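Both complexes shown next keep chain A, but they swap its partner, so chain B is in the first and chain C is in the second.
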Partner chain A sequence: MSAASATTAASAELATARLRPRRARAPLGEGRARVAKAVWLGLVSLYFVIPLAATAAFSLEGEHGSYTISAYTQILSSSAFSSAFLLSLRLAIETIVLAVVLVVPTAYWVRLRLPKLRPVMEALSFGPFVVSPVVLAVGVENVFRKAPSWFIGSPNILVVLYVVLSFPFLYRALDAGLRAIDVHTLTEAARSLGAGWALTLWRVILPNLRTAIISGALLAFAIVMGEFTIASLLLFNTFGVYIETVGMTAATGAAALALISFALTWLAMGGLVLVLGRAGGGKGSVARQVQIGVTR
Partner chain B sequence: MATLALQGLHKRFGTVTALDGLDLELASGELVSLLGPSGCGKTTALRIVAGFEVATSGRVQVAGRDVTDVPANKRDMGMVFQAYSLFPNLTAAENVEFGLRVRRQAKAARAAKVAELLELVGLASAAGRYPYQLSGGQQQRIALARALAIEPSVLLLDEPLSALDAKVRVNLREEIRRIQLELGITTLYVTHDQEEALSISDRVAVMSQGRLEQVGTPAEVYRRPATPFVAEFVGTVNRLTVRVVDPAAGIVEHRGRRLETAEPLSLTAGAETRLLVRPEALVPSLAGADGTADGIGGRVVGTSFLGAVTRLWVDLGDGAVVAADVQSAAADAFTPGTAVALSIRPGAGRVLASDRSEADPVVAELPA
Partner chain C sequence: MTALTDAPVVVDEAVGTRRPRPRRRSLAWLGAVPFLAYAFLFLVLPGVSVIVSAFQNTNGSFTTQWVRDLFQGQFLSANVNSLELAALSAITGGVVGFLAAYAVVTLGRPRWLRSFVTTFSAVAANFAGVPLAFAFVATIGSEGAMTKLLENALGVNISSFNLVSVTGLVVVYTYFQIPLMVLVVAPALDGLRREWREAAANLGASATQYWLRVGLPVLAPSVIGAMLLLFASGFAAYATAVALTSGLVNLVATLIGNYLSGNVIAQPQMGQALGLDMLVVLFVAVGLYLLLQRRASKWVR
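For the complex of A and B:
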């Protein structure tokens, strides 16, 4: 081999090495990282799965070490269960609708025109954490004592209270969503094109807050489905109250109910995501942009 | 197309005066740029015209109709914003269609208009793309199409190119001018970029501290700045301390050398003033071997390559440094340390009666 060709070969090797920088060790590193991720995810999953599995096993226990699904069949065939679940489901939906109608325009307007009120809104959003549900229930009952019976004497009053309980979650989710979009420019762009305030909110702002609304709505949903204190104090038999009652009377039934409520709540949340997701509009929302990692 | 008139606009934010009596008229189909540094009030003026700010006093008229108290969504003005403003949840076509839907136009008419405008801005193929799938330049084109779709009486552009890179900026500003001329739409364009303003405007209105300093064609503003601020803000200018010799003939004297100014002077003979000279009007030549020079003598202390021309920084000997441009092809002869003689192109120097600045004698900054 001539000196010239040796030089050429060495150059070619050097060039090839430059074309594949840092690839040699990469698979090993990537493999380790993948294993570490899987182990970590497995541990986290166990944290959630073990209690569920234990609850499931207990709920299936029958007499003398046998297994039975009688706890499930009894609950699912009970009219008390279905009425309590449907009541809480109805209250959850009404709470979400009322909270969205009240909080979305408020958060938007505070962001757009009243930024000095943001600290006030933040302080207000701590209210439900500071005031205990017991105090809230008693206070509301006193305030609405002279309200018409269709309101004070029906579970409708719970919606008002649940909106208050949901406010921090929905407001904070919306505030984060509003920060993710250029509210001022989008609003002015819509206005310059002839849109009024309502149309601007409906066609421009709301679709771009879809992710924030879904996040807040899911939290509100979970709160309402599991709420016990206020409903119990005001003597309404919601799903939370029903779970508590069953828990005090039938041990395996309570375990079965916990799993049923877990499954039903997740199913309902899935439905909520589907409904709100579709209502939210196109694929180009901010959420979608975040998903694909656009960092313009 | 409509005329636009801004009459005695004042705007105060607390104790800060953003606009201090702004008067400006745009003829039908004219493109006028509001040019000025940040905080001069140009965007405030545009936002008042758009209806997004309320003037403390003054009126805005479109085609003779007073729109001062008309809400923004009823003003019939198209606007392109500095920030990307396309609605993220809508495709490019849907964005363009937005204003037409608000106006409840028929579906077929909307579709035809959207297609026409996307074609106009050269993005017919991007109709189905969402904003996040478009580059910055493409987004601003779509924003322009969206603003034009409603066939506004006036088009407002608020620094629409400032977020774009240099090459896209140049292309798009030419595109904006082409479309504006094609449609003949009255346009108010806000920018702090003098090159942008000079290159696409019918007239340029230079603003400072809420007031108009000068309104004129780009050539007028550049060649005959009305105030020291305009002279300094638009382009680079050298200031030489001179003494008036013959006001009627426009002759001044600098270090014993007589110089001819652009026009007769309203100053008395013997008065000291400033002569403003653009770098391209200062012609450098190599000084003689003995160091003597036929012109204002100096020594090159630095050079800046600007492409076609190279800017020389010349020390006049007393610490004063001036800028002079030379063709880059001939710039090799002017290395730092070279003794040069500077002559002024006849009639290129300009004296401003109102020039009381103490800055002496150069405005241009010597690069580090």
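For the complex of A and C:
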């Protein structure tokens, strides 16, 4: 289906471009080409909507063809759900705080005083895509197997690793944010008025990077709330792991959880688009920041 | 996603070195130490430990046996399956995603279309893993809602389609590959300027000639680079595969997981060798992506 209609869309586009003299304000896609493109987008969106709709229908299935919301009420009232969900929520908040504390001053400092380090930061920001979560889990097990149990045996280790997974997104957002402001002038102005480094960072730089920090934080939130690989391999019962456990026993419950998780992702990404839209980031800014979204 | 070096760096250097304070400069490096130490400890060191361990016996002596074993039997077939899955899902997602992005960018109207598609893509690209697997089981699994609907309403039986297979995984992975492609390739399509097309037309080029000589050569680095990125994400994906197949399809990612969680006890060092295997594949794919991205940035503003 896909290949055939794709060719139609492309050739229709070419045909109209050749045959019709273009009117003054006519956009590129026109007439038949516009229809072909709309049809193509419609077909593609079916592929995305059907699984969601079917999952919703499946999650509401009761006995003998009836419909019920019991899958949702059961999950939301179970203590396993709330403890796993709250654990992930806690991890997400801790990850965001640690990542911001670690990365914001570094990104600022590199921009201001250590421009030679920028290629290193760029390279490190691709690190988590080369050392994928599975490999990272293996490596961490190698290196920290004999570490004290308050570190390796507690969810603290997950926070530490989620900071690594979130780093590319936060750094990219901050890099764009720092490029948009005149870091040197702002810093010199603050310093010449007598502000120390900490005060400069807190009162001058940080407010200017609000958009970047919020969007980085929302991406980190989406990553942590859905993370399964590292948590399950290091044997922690996070929200992601809980969803998988439910899937082993309750099919409708798993479908309900899939939808809840989808809604959470919407919440984070919708917030991201809102924040960036208000900041007037332009067409490509969202795309540029979530580009390499898949770390699972 | 910009090039590794660009103009502002030069400017910064000039500003940064304007004040000749050697003592300050030596201290400036200290500011980056906490972060660099963190990245070394929790990213670089684990990565290196996998590489080193892949060449070690359990007693610590050097061996290439595990790495050689990667090219045999079960491990070879895991590699073949993973490469096939990554390539097929990257090509499907790449082609469909490119055409969708092209349609969205060139349609222009209605105004909300672009931002809606971007937001949805951001959501769908991040909606990978366990929930995605369950959504597909609930849809076209043997008891899925779509399976039943087709059976009851149209008498079409799709229950013979097996989600627990490489093909099944390709169908599921495409769900995050298409939006990923849209996100990566849309900025490149923005860079394709209307004036070029008009200039080509003024010089007498047909639409086909325009695409062959201008459009595709300009887009090629971005499109190929984007597909390499999809390939990497398809090869590395673990959660979706585990939730869907419980390890029944032999893949590099799920095999590593089996070794790490102790489901496989014989030759524990193979887990490290498979880790090295994935590391190398991802390094090549992401590295090529970055090289192509550098080339593409000539055209993308």
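Structure notes:
We adopt the following convention: the second predicted complex is superposed on the first by the 205 of 296 C-alpha atoms of A that agree within 3 Å, B and C clash if a C-alpha of one lies under 4 Å from a C-alpha of the other, contacts with A are read in each partner's own complex, and residues count from 1 in each chain.
Here is the rule we use: a residue touches a chain if its C-beta (ideal position, glycine included) is under 8 Å from a C-beta of that chain, and two chains touch if they have at least 3 such contacts.
All values reported here derive from a predicted model rather than from experimental measurement.
Of the two partners, chain B and chain C, it is C that touches more residues of chain A.
Look at A:G247: by the touch rule set out above, it reaches chain C but stays clear of chain B. Residue contacts after overlaying the shared chain place A:A189 against chain B, while chain C stays out of touching range.
When the two structures are aligned on the shared chain, A:L114 is found in touch with chain C, with no touch to chain B. Judged by the touch definition given at the top, the superposed model places A:M269 against chain C, while chain B stays out of reach.
Of the two partner chains, chain B is the only one touched by A:P207; chain C is not. Look at A:V140: by the touch rule set out above, it reaches chain C but stays clear of chain B. Of the two partner chains placed by superposition, only chain C is touched by A:L161; chain B is not.
Chain A uses residues 283-284, 286, 288, 292, 294, 296 to touch chain B in one structure and chain C in the other. Residue ranges on chain A touching chain B, taken from their complex, read 181-182, 185-186, 188-196, 199, 203-204, 207-208, 210, 280-286, 288-289, 292, 294, 296. On the side of chain A, the complex with chain C involves touching residues 2-3, 6, 9-10, 13-15, 17-18, 27-29, 34, 37-38, 40-41, 44, 47-48, 50-52, 54-55, 57-59, 61, 102-103, 105-106, 109-120, 122-124, 126-143, 160-161, 163-164, 167, 172, 179, 184, 222-223, 226-229, 232-233, 235, 240, 243-244, 247, 251, 254-255, 257-259, 261-262, 265-266, 268-270, 272-273, 277, 283-284, 286-288, 290-294, 296.
Taken in their complex, chain B has these residues touching chain A: 50-52, 71-79, 81, 83-91, 94, 98-99, 102-103, 130-133, 136, 143, 146-147, 150, 156. Taken together, the chain C residues at the contact with chain A in this complex read 1, 4-5, 8-9, 12-13, 15-16, 25, 28-29, 31-32, 34-36, 38-39, 42-50, 53, 92, 95-96, 99-100, 102-104, 106-109, 114-115, 118-140, 143-146, 149, 174-176, 178, 180, 183-184, 186-187, 190, 194, 197, 206-208, 211, 229, 232-233, 236-240, 242-243, 253, 256-257, 259-261, 271-272, 275, 278-279, 282-283, 286, 290.
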